[in-house]
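Okay, so chain A shows up in both of these, paired with chain B first and chain C after.
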Partner chain A sequence: MVESIVSTGVAIGCIYALIGITYNVMFSASRVFSFTAGTLGMLGGVLGSLFIARMGMPLAAGFPLVLAAGALFGIITEIVAVRPVLKSLDQHLYVLSTLALALIIQQFTAIEWGTEARPFPRLFDIPRGGFDQQFWLPMLACAAVIVGLELLYRHTLIGRAFLAISEDNYAARALGLPERRLRMTSYALAGVIGALAGFAGGEMLLAFFGNAPMLTFYGFVPVALGGMGNNRGAVVAGLLLGLFQQAANFLVGGIFASVAVFTVFILVLLARPEGLVGTALQRRV
Partner chain B sequence: MDTAAQLRPSRTSVLGSASPLGAALPFLALLVLGIAFPLFGGGYWGVIVTRACVYWVLVSGLNLVVGFAGQIAIGWVALLTLGAYTTSVLAAGNVMPALPPYLALAIAALVGAIFGLIIGLPALRLRTFYFAITTLGFATIVTQVALAWQSVTGGGVGVAGPIFPEPFASPWGFYYFCFGLAAICTWMTANVAASRFGRALTAIRDAEVAAEASGISKPALLGAVFMFSGAVAAVAGGLFAALQSYITPDAFTLDLSILFFIAILIGGRGSILGPLLGTILLTTLPEFAAPLVAWSTFLYAVLLLVIVLAIPGGIAEILDFKNRRPLESERAIIPRPDLIERLLGAPPDAGALRLEQVVLSFGGVRAIDGLDLEIRSGQVHGLIGPNGSGKTTTLNVISGYYAPHRGAVSLNGAALPVFTRHRRAHMRIARTFQTPRIVGSASVLENVMIGGTIDGEGTFVESLLSLPRHRRDEVMLRDTAMLALAAVGLERLAAVRADRLQHSELRFTEIARALMLRPAFLLLDEPAAGLSADEIGRLGGLLLAIARAGTGVLLVEHHADLIFDTCHRVTVLNLGRMLAAGTPAEIRSHREVVNAYLGG
Partner chain C sequence: MPMTRRQALASAGAAAIAGALAKPAIAAKEPILVGYLPALTGPSSSTGVGINRGIQLAVQEINAAGGIDGRHIELITRDTQSDPTKAVNGAAELTRGQKVSVVFGPVNSGESLAVVPLLARTKTPQIHPCWVDTLTDPQKYPMCFRNAPTNQQIGGAANRYVVEVLKRKKVAVISDTTGYGTASVNAYAPMLKAKGAEVVYQGNVDAANPDLKPELLRMQSAGAEAIMPWSVNAGFLSRIINTRGDMGWDVPIVGQTTLGSGQTKALLEKPEYWAKVYPNNFRPVCYASGGKLSDRTGAFLNRLKAAKIDMGDTLLWWIALGYDSPRMIAEAMKTVGTEPEQIVGYLNKLKGFPGVYGDISFAPDQHNGYPDDEVVMVEANSLKDGAFNLAPGYSA
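Moving on, here comes the complex of A and B:
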């Protein structure tokens, strides 16, 4: 039983962490939290099921297509919901514009794909048992993203440009960095990561439109607890969240597990609004 | 305030177009339409219009939270659910002997008020997006609990809604019951909107630091608003349950929450009429075209995106004809320093505001390094120095934004507590900001009235019900604000939306707002920045009049002329240290100051 709690918990935790990283990548580039993070995860599952199960594409074609769709949606998010409201960041219009876009996609999916949760195809034709692919796929995806981002940020020029933008947007622009193009690239990257999260976790979460608000909430918990823009914090907090949720699920039952997660989330935030490892508020006057 | 009586004629001429009757006309029209509705509509449309009334009961309260206070509460359906179940369960007698439906509804309102406070409280600590997510999470949880707590809520099977006895048992009777409550909610929220509490909410939304500087206590005010909003939302829930006649957790989807939220934004922030029209529109629109029902939430979302990107002001902005008339292009600000004495009244015996050996560092940088400063009442004290020398930081230490690492800040010998920023206003310390902090969507007069918030005596409940003390407060604040505007030379612009003003006018608006406190000490952060030479001259005259009335003025400035013409004493800062202090004449000839700053 403990084994099952741990493998499910870690796998779900990895999905939450990936959505958390999706939030972070968008936040670093634009200082904006976007409600579309969970929508990307939902799209990863639904599109994966659509391409591979319904349209019968091979994995080698379906998987890149899902990631490409994620990147495209990331770019659309940037153009439609983020760029127009960036100049008045203090009015928090981005909360509304990204919420609107997330709802549009979610409702469209609900109408066109249906409100039923549909099965996600098994990606590799290997027998079930023990440590199944539905558990190790999200873990693999999470590890790949962490290593990939680390390599990108530390060892490539564009990665360093991303870091510069997230550290100090004005200074980076003054240095001549193409801020707008970098921001779009970041959103495309976030789109890929979010879609990957939904795709890798497809077998566990199924292809279901309701995953969008669920992932938007549970994916934000690691960001809030791990500190904004802090990917390592997001991974640690995501794994803890997954384990805690599964343990509570097993011990007190599903509904009270989500009540427990929510209560802990609120209490931690009230005690430390900047997250467990974040830094305090900026100057306001 | 009968001294302001002679200014009243100008007030009525300025505000003539915005007379109370004109503003109430659309509401009266809706009232007549609503009462007469059963004459034309029938059957199915009766249900739709009753539903619109029920929704509006909730939206009217949520409007204060979202539209006025600017808190992005997207999960308010949780309170509807809570109210629906509380009323139904109590009236059905699932857990205890059945209660009369009216009592059940009243208890639901109480429960709603408590939960409104619980859901709302995180807003005091959390940033916008965090709060939005929190309310979203709460909405999910409440539905899940309703589903799981079978012994009380009936789980997925549900529970019967309450039935209100005669005369409200028939469909039309119930319609009038809901319509009456909706009308009362409209009246109450309109009262709050036009009160010092409503203005304080918009100040919290658009200019939070200015709200603090005016002495507005965010926790107390938001607490009251969340309780009111929770209570009416729960009442709406009880009505909703009666209208549905049977409720299951499926009835309370997030789509409903989104409808409430979007109705407010489509209507426009800071308006009552706009969200009311928005609610009617969103409730009835899908009924005109059956195929639209499935797509309704999709369309609401598209509408939200369009509104946010194209018309952030919503319907209210489209209907705001008054502010589309062009303003005079050549307008001069002519302050009337002679009015200052009348405005500020008898000088409070304030003594001195004193900083002693104050040290403040950020990391390794000493922003203020051993500063001594004494601001005496009745004097203008200049604080000058190059950029980054610690002038604004000094101001922020006095206002309570930073705790000095060493040294003391005292008022009349008593230490000023740090971080109780809104208490500064109660000690009659007022301030302005380097970039004006103004509620752009409110009129200039309303902006100035914000400055007098703490001088009102009525409570939030008195404002809700428009009791005499509330009305007295409003008259007093309006008259004082008109006098303050006349004193700074802006009374002709009193009715204009503040975001249509020029930069220099905003600076004078901020000064008028600060004067509303009848300050013992007035802290001005670069009030002359962006002013023309003429305006700077008139500003100097105004400052001298303020000092003559007994107020101590701290003037942070770069304009050497203004400093030397108006200040009684000047302190010069450089890199956080005091370079020199003395009379303007001494400073003007101080060799180091001339070298480092003034140039020679």
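Moving on, here comes the complex of A and C:
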């Protein structure tokens, strides 16, 4: 039982964490919570299955194509659902615009791909059993993203530019940073991470249009618990969420597992509204 | 080549247009308008696409044979898109705008729940194949008839198979959290207990849950001797089958027809995991021992093949059900005419209409026409040409 809780719990936790990071990367660049994050995860699974299983592409071609499609969808999100509402952030219109785009993509996928779950291909020809690739692939993807983002943000000029616009958008613009282009690049990066989450978790979640709302919902929990814009917090909270959810599946089971997860979620937010890892924002008066 | 939903919709439209344009001498009289509310697109359209193939073939055959007293049947099709609101709009247009003589459909229960009361108010005869028990009621809906089994018949057949044929007394009943799933578990668990079985596990699980091992371990530790899943979600059902296989647990899985669908098969980790999986099906469209279909069904299958109707992506019972429905309507109209009261009067006395899908009978106080003993269980891994072998324990 413990082995199953850990392997499945950590794997699904890594997928939640990656979706949480997707939310954060978009939030950092625009102060917008784009509810297309789960849709990106769903597209990663569906497109992976389409390119590799149905069209017969090799992994070396299908995988980069999935990431490119994720980047493209990220850019479309920025242009269609985020940029038009940036001037009225205080009215929170982005909730409507990003949810609308997510629903459009989800319904389009349902019509074109079908409403039944379809198989996701085995990425590596390794016999099943034990610590299977369906568990370690999401973990590997999560570790790669954490390391990659650290290197990007700490050791590259463009990464520092991302941090600058997330810290103070107006000051960064005043210093001559191309804010719009950086925002679009951030959304493309978020698209890649979201699609990677769905692709790495495809064997576990299958290629299913209904994964979009599930990932949008559960992927937001690490953001709320870990602190908005805090990637390390999202990873810690995502892993805790996955482990707790899987333990609840074993201990209480059925629909009560979801009840247990969200009861704990609400209790944590009541005790620490800034999240487990986040810090309370100082409001300028 | 498999027919896509779009092609199915196009073929339905083309058939309707062809019916309207090609007016041979025999059809100099006005055609008889039959309303048809299939779900040809949208989330629940796989049933509708299968049924549509049978409907189109039957209407072609009826019209080619001279129609009804020289009048052609013209199907007025409104795709419900698997959406109850669109089904209601379509039904309203068919009855008030097109003034059809009779309506077949909708073919999904969710849409029928919305449409049946509307058609009752407009006093339009209706035949539908939906399983939800409340969708027929001779008092409330005197013009509505069901030419398919009810949920009670479906659950009853599965329960009988588990308790009486497989002799399993400790049963685990599981569903997803949809309305269909929870209603099925709530209805079938007491029926099992009434048959003397012990329900050692009863649960509703989110269909998106990627790991069902905790639930199956709970069933195993409770001593379950059979698993009965009630869901139309192929992903959910395949996870139950895969988890049973990974656990090496030799226990039969008995339940919903989707257990035997091609979508479920595609999601199995190993083909051998489909052994000892017994979904619902219907005796007249199953292979008896020796792998033979009945003469009536065999002849129908040959006609389907001659008409180049694809069966690779659908089930024979869906096509057969679609084929029987316009034939039953045509038979009623040939006998008593096209007036609503006359059609209902005919159906109220119908005895053993010889359908490919099953022999249908109605009575004034019984509008559920499908016989109990033709609802059976089959071997999922025997799927061929859309039909299955009867499960072990059934006589031919």
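By our rule, the second predicted complex is superposed on the first by the 280 of 285 C-alpha atoms of A that agree within 3 Å, B and C clash if a C-alpha of one lies under 4 Å from a C-alpha of the other, contacts with A are read in each partner's own complex, and residues count from 1 in each chain.
By our rule, contacts are C-beta pairs under 8 Å (C-beta built on N, C-alpha and C of every residue); 3 or more make two chains touch, one makes a residue touch a chain.
From a predicted model like this one, the values you see are computed outputs, not experimental measurements.
Enquirer: Should chain B and chain C be called a clash or a fit once both complexes are overlaid on chain A?
Expert: Overlaying the two complexes on chain A (C-alpha atoms) leaves chain C and chain B clashing.
Enquirer: Between chain B (first) and chain C (second), which does A:Phe265 come into contact with in this model arrangement: first, second, both, or neither?
Expert: It touches chain B, and chain C stays clear.
Enquirer: Check whether A:Phe108 is in contact with chain B, with chain C, with both or with neither, and answer first, second, both or neither.
Expert: Only chain B; A:Phe108 stays clear of chain C.
Enquirer: Please tell me which partner, chain B or chain C, touches more residues of chain A.
Expert: Touching more of chain A: B.
Enquirer: On the A-aligned overlay, A:Pro178 touches which partner chain: chain B = first, chain C = second, or both, or neither?
Expert: neither
Enquirer: Quick one: classify A:Phe220 as touching chain B (first), chain C (second), both or neither.
Expert: first
Enquirer: Determine, under the contact definition given at the top, whether A:Ile255 touches first (chain B), second (chain C), both, or neither.
Expert: both
Enquirer: After the superposition on A, what does A:Leu96 contact: first (chain B), second (chain C), both or neither?
Expert: first
Enquirer: Quick check for you: in the superposed arrangement, does A:Gly148 touch first (chain B), second (chain C), both or neither?
Expert: neither
Enquirer: For the superposed three-chain model, which listed region of chain B (25-33, 97-105, 151-159 or 259-267) is the one that clashes with chain C?
Expert: In the superposition, chain C collides with chain B along 151-159.
Enquirer: Which residues of chain A are in contact with chain B in one complex and with chain C in the other?
Expert: After superposing on chain A, chain A residues 111, 214, 253, 255, 258 contact both chain B and chain C.
Enquirer: Can you tell me which positions in chain B touch chain A when the two form their complex?
Expert: It comes out as residues 70, 72, 74, 122, 125-130, 132-134, 136-138, 140-141, 144-145, 147-148, 208-209, 254, 258, 265, 294-295, 297-298, 300-302, 304-305, 308-309, 312, 392, 396, 399, 401, 433.
Enquirer: Report the residues of chain A in contact with chain B in the complex, numbered from low to high.
Expert: Touch list, chain A to chain B: 33, 80-81, 84-85, 91-93, 95-97, 99-101, 103-104, 107-108, 111, 213-214, 216-217, 220, 224, 253, 255-256, 258-259, 262, 265-266, 269-270, 273, 284-285.
Enquirer: So in the complex, which bits of chain A are touching chain C?
Expert: Touch list, chain A to chain C: 1, 4, 8, 12, 110-111, 115-119, 128, 204-206, 208, 210-211, 214, 246, 249-250, 253-255, 257-258.
Enquirer: Per the contact definition, I'd like the list of chain C residues that touch chain A in the complex.
Expert: 41-44, 46, 177, 203-211, 213-215, 217-218, 233-235, 238, 246, 263, 266-267, 269
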